[in-house]
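Structures for review follow.
Each of the next two complexes has subunit A plus one more chain, namely subunit B in the first and subunit C in the second.
So, the complex of A and B:
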């Protein structure tokens, strides 16, 4: 019973963090209908940003969060205006974005190998606290709780952005129908650029905690994280950022239960769940309708 | 009158036949302008660090032989320069499969050498066998590679996992440790390490209290360590690659849990990488297999001894060699001897040359001894403990007793 409790609580913490890992990808897809295959690489850059701050400048890795936001602006703004409007004008923006962002992912990875090498990098273990915090008698490292807290705050911020701000309303309108939103006078490009910035920044923020949750950061972790993020957002609901939270929880709890009882198959769990959920509910757990391409 | 005439004809025909055979043999064995050694390396991915080190060691060897005019090839009775043809497999077995084929069918390399480790070696074995090429396998030790007789596989610089972990099993039994947990990656290398260890322990009456595989890509051990702790082990043996070891030690040090003995493979091979990632405190009192140059061989009959190699390497590269640098260099040495003794320039002759030197050769990795299945039975590794020394760590060989440089600290103190 204690093992089950530990796996469930661990799975919830892990899952909340992985909701943050996936949410940026879903936001970008929901708003722009583009598939950001470089998502994992942006997470990786966030990890390296925190690494440089912690190891190079002696700062707490949490300073990586404002750095990730700044990085989101610096990368997202020119990336949007340089690429996305052109993609939107094409016959098949989803497929073209797939190819384009695959190229961007490869470029980022190559630059990261050049800049940081191919080896693994970790952050100081005690930078986010050296103890353990217990819930229902089950203790987890401080770093897990901090990652979980930041993830919740980031997703809460996103929720408030959607539900309380004019920009958020406009973003939702674009997610519902891009052309109609444009017809009502919404500056679609400006709102979409901000959504891309937020998506990349969220990925970067998740990257800050990657060394704590998956052991280390290296230049080659991007593709795996993109694949995992895809599984999570499809489980939740493609195009619905808040569905990602549900997808993350299903992924986290599923993975930890498998690690506890059938560890050899633990990395199969998210994909088996994905298959099962897509067969039963093709639109994902929180999807209301099949999306329009 | 007729007899001498007949004899003359016979002699003439025999002479013509002999010279014809000699000519065709010479044509078949025209000396190449360079000996092409085809191999792969990983510039990225899970195996990048050890793979690049292994290639670095090979390049260091090749640079050395080329400075002296090349490698001596007995089949042509002359020295020929060595050229390394190396492609990047990015730690992917799918990419490696294509690239190994390319080395054989497009580049027509003279010698095929595998990338680091069992995962990336596993896909080379069938390709080499299909093309009747001897696969020089530096560090792929998966026991299932060596289950039948072959002329096309030779494990050069690391013992097969079918015998390698026996010393660890003996150590555990000698210390009367009854409760052992084994967690291993589900790949050829780590799974066969676990199988051999379990067999050794079971012979001594010890059945593991926890025995589970995890995916090779496993990167989060927090819940796994907690599950292991629930089985109340005295010793926890984690068989994984460097990436797994980093994640394992991170999770262990963050968990607040402590075991009397913790064993892991890669602190003995890539200590600097592990230390950089998890810190000295997390590694203190861990047990491992120390691989040369951490284990020193003073007497060799092929190539430099460990001390000479370390000095020369350090002078040339301004950094100390690690285990994989040494393995890459040793593989070059063995190939050099193979080319220097094989009477013909054929894959079968290369293989026979390796068999002939088996059991008679000692290099900086110890005794070179392969069996007919290609498995390395020599180069045995002891068990060592990583012990704090000042601000750093040092290795103390603790088993077997005839190689020990100190006593094991068991139970390990809590850090």
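So, the complex of A and C:
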């Protein structure tokens, strides 16, 4: 029983954190119908940001959070106006963005290799607290709890943004129908640019904790994180940011159970879950039943 | 003026391809570059059969390639079949995987692509799993060097490339291909007009899978010693997609030209400036999508030239 409890509680913590990992990708898809295949690379940049602050300047890695937000603005704003309106005029924006962002991912990865090398880097283990916190007799390191807390706060912030602010209303209007939103006088480009910035910033914030939950950050972790994020948001349902939380929990608990009971096959867990869920419910667990042909 | 017979264009392309790759090894000594170039031309063409004509982007296309490579290698290891038969069965194995993955077509757009990617990762993780070491060699790779035959595998790959091109020409010029493209543009109207969407789409998918499986088998034969990453790296999918797009999907010569030119370019950078390879190739993809989304072939079709 202790093993099962460990897997379940660990899975919930892990899953909440991975909701944060996936949510930025889902927000960007929901608002712009653009597939940000460089998502994992933005997470990786967040991890290296925290690494520079912690190892280079001796600061607490949590300062990586404001850095990630600043990075989101610096990268997201020009990126939006540079490529998105042009993509949306093309015949098949979803597919083309898929390929375009793959190119961007490659460039980010190449630059990261120039800047940080190809080695794995870790953060000081005790920077987020050196103890363990137990629940039901199962102990997990402090850093997991901090990551989890930040994830909950970030997602709560996103929820309040959607439900309490004018920009959030406008964002939801665009998610429902882009052309209609434009017709009612919403500055679609400005609101979408902000959504892109938020999406990238959330990825960067998740990156700050990646070295703790995965063990290290290196320039090549991006693609794996992108695929995992996709698994999570598709399990939850594409284009519905809050569905991501469900996806994250399913992924977290599933992965932890696999690692506990069938560790040699645990790499398969996210993909097998993704396939199984998508084949049973083509629009994800929380998706509305929309389907073409 | 009489219209030229319908087979003339495809016939010319096939003869030209065969002639070029038959003569090339005499002019250029690095045969492995030529072999890899043919591999990617075949893969780009195979991907084009699905993506170019139906709009479904198989991001996990490499799964079929790896399946073919491993099916061929395992048959060579555990049976005494001739290698050619093993390569053909490698293609068949990919078709079987394609049939199993048929339900993926319930998904659309990005869902399809990502689910296909997940499927390829599952195949990879199973093949490369430590637990299967006695059969597949697990993460330590597989060796079939006792059948290593560079010339025979070169000829086999050329034949696969020609088959892929002939299929693409058939798709481009036949009623079948017209049905596929109608479905791509408007599935409901196409089905009202009598196109059997489900069947046609499945045929395109299986043809595409077969080409990748065959290419994987011939590739394994040519390498003869390889790690699972070598035939399952996502980069193979990506190269096939980018090459096909660069040339122009939905045409016959587009993917061939795209793969030949870009692969030559990449092989060039790989030798002269490997550290900038990833950066340049990322930049190229970005510029391509922004400024030439319909590929090189669109430079001609835009001027009303009839491109095969």
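Here is the rule we use: the second predicted complex is superposed on the first by the 290 of 293 C-alpha atoms of A that agree within 3 Å, B and C clash if a C-alpha of one lies under 4 Å from a C-alpha of the other, contacts with A are read in each partner's own complex, and residues count from 1 in each chain.
FYI, a residue touches a chain if its C-beta (ideal position, glycine included) is under 8 Å from a C-beta of that chain, and two chains touch if they have at least 3 such contacts.
Everything numeric in this text was worked out from a predicted model, so none of it was measured.
S.K.: After the match on subunit A, would you call subunit B and subunit C a fit or a clash?
M.R.: Clash: subunit B and subunit C overlap once superposed on subunit A.
S.K.: Taking the superposition as given, does A:141 touch the first partner, subunit B, the second, subunit C, both, or neither?
M.R.: It touches subunit B, and subunit C stays clear.
S.K.: Check the residue A:65 against both partner chains and state whether it touches subunit B (first), subunit C (second), both, or neither.
M.R.: A:65 sits against neither subunit B nor subunit C.
S.K.: Is A:275 touching anything from subunit B or subunit C once the two structures are fitted on A? First, second, both or neither.
M.R.: A:275 sits against subunit C, while subunit B stays out of touch.
S.K.: Could you look at A:122 and tell me whether it touches subunit B, subunit C, both or neither (first, second, both, neither)?
M.R.: first
S.K.: Just subunit B (first), just subunit C (second), both, or neither: which does A:14 touch?
M.R.: First partner only.
S.K.: Name the contact category of A:220: first (subunit B only), second (subunit C only), both, or neither.
M.R.: A:220: touches subunit B, not subunit C.
S.K.: For A:113, using the defined touch cut-off, is the partner it touches subunit B, subunit C, both, or neither? Pick first, second, both or neither.
M.R.: both
S.K.: Taking the superposition on A as described, I'd like to know which of subunit B and subunit C A:260 touches: first, second, both or neither.
M.R.: Touch partner of A:260: subunit B, not subunit C.
S.K.: On the A-aligned overlay, A:90 touches which partner chain: subunit B = first, subunit C = second, or both, or neither?
M.R.: In the superposition, A:90 contacts subunit C only.
S.K.: Stretches 96-104, 168-176, 222-230 or 294-302 of subunit C: which one clashes with subunit B?
M.R.: Superposition on chain A puts subunit B right on top of 222-230.
S.K.: Once the two structures are fitted together, what part of subunit A is touched by subunit B and by subunit C alike?
M.R.: On subunit A, the residues that contact subunit B in one structure and subunit C in the other are 109, 113, 264, 267.
S.K.: Touching residues of subunit A toward subunit C in the complex: what are they?
M.R.: Residue list for subunit A touching subunit C: 29, 35, 83, 86-87, 90-92, 94-96, 98-100, 102-111, 113-114, 223, 227, 230-231, 234, 238, 264-265, 267-268, 270-272, 274-275, 278-279, 282-283, 291-293.
S.K.: Name, in rising order, each residue of subunit B that touches subunit A in their complex.
M.R.: So the residues of subunit B in touch with subunit A come to 42-46, 48-49, 52, 90-91, 183, 186, 212-215, 217-224, 226-227, 230, 242-243, 246-248, 250-251, 253-256, 273, 276-279, 282.
S.K.: Along subunit C, where are the residues that touch subunit A in the complex?
M.R.: Touch list, subunit C to subunit A: 55, 57, 59, 103-104, 106-111, 113-115, 117-119, 121-122, 125-126, 129-131, 183, 187-188, 191, 197, 234, 238, 241-242, 245, 275-279, 281-286, 288-290, 293.
S.K.: Where on subunit A does subunit B make contact in their complex?
M.R.: The touching residues are 2-3, 6-7, 10-11, 14, 109, 113, 118-122, 124-125, 131-132, 139-141, 143-144, 212-216, 218-220, 224, 256, 259-260, 263-264, 266-267.
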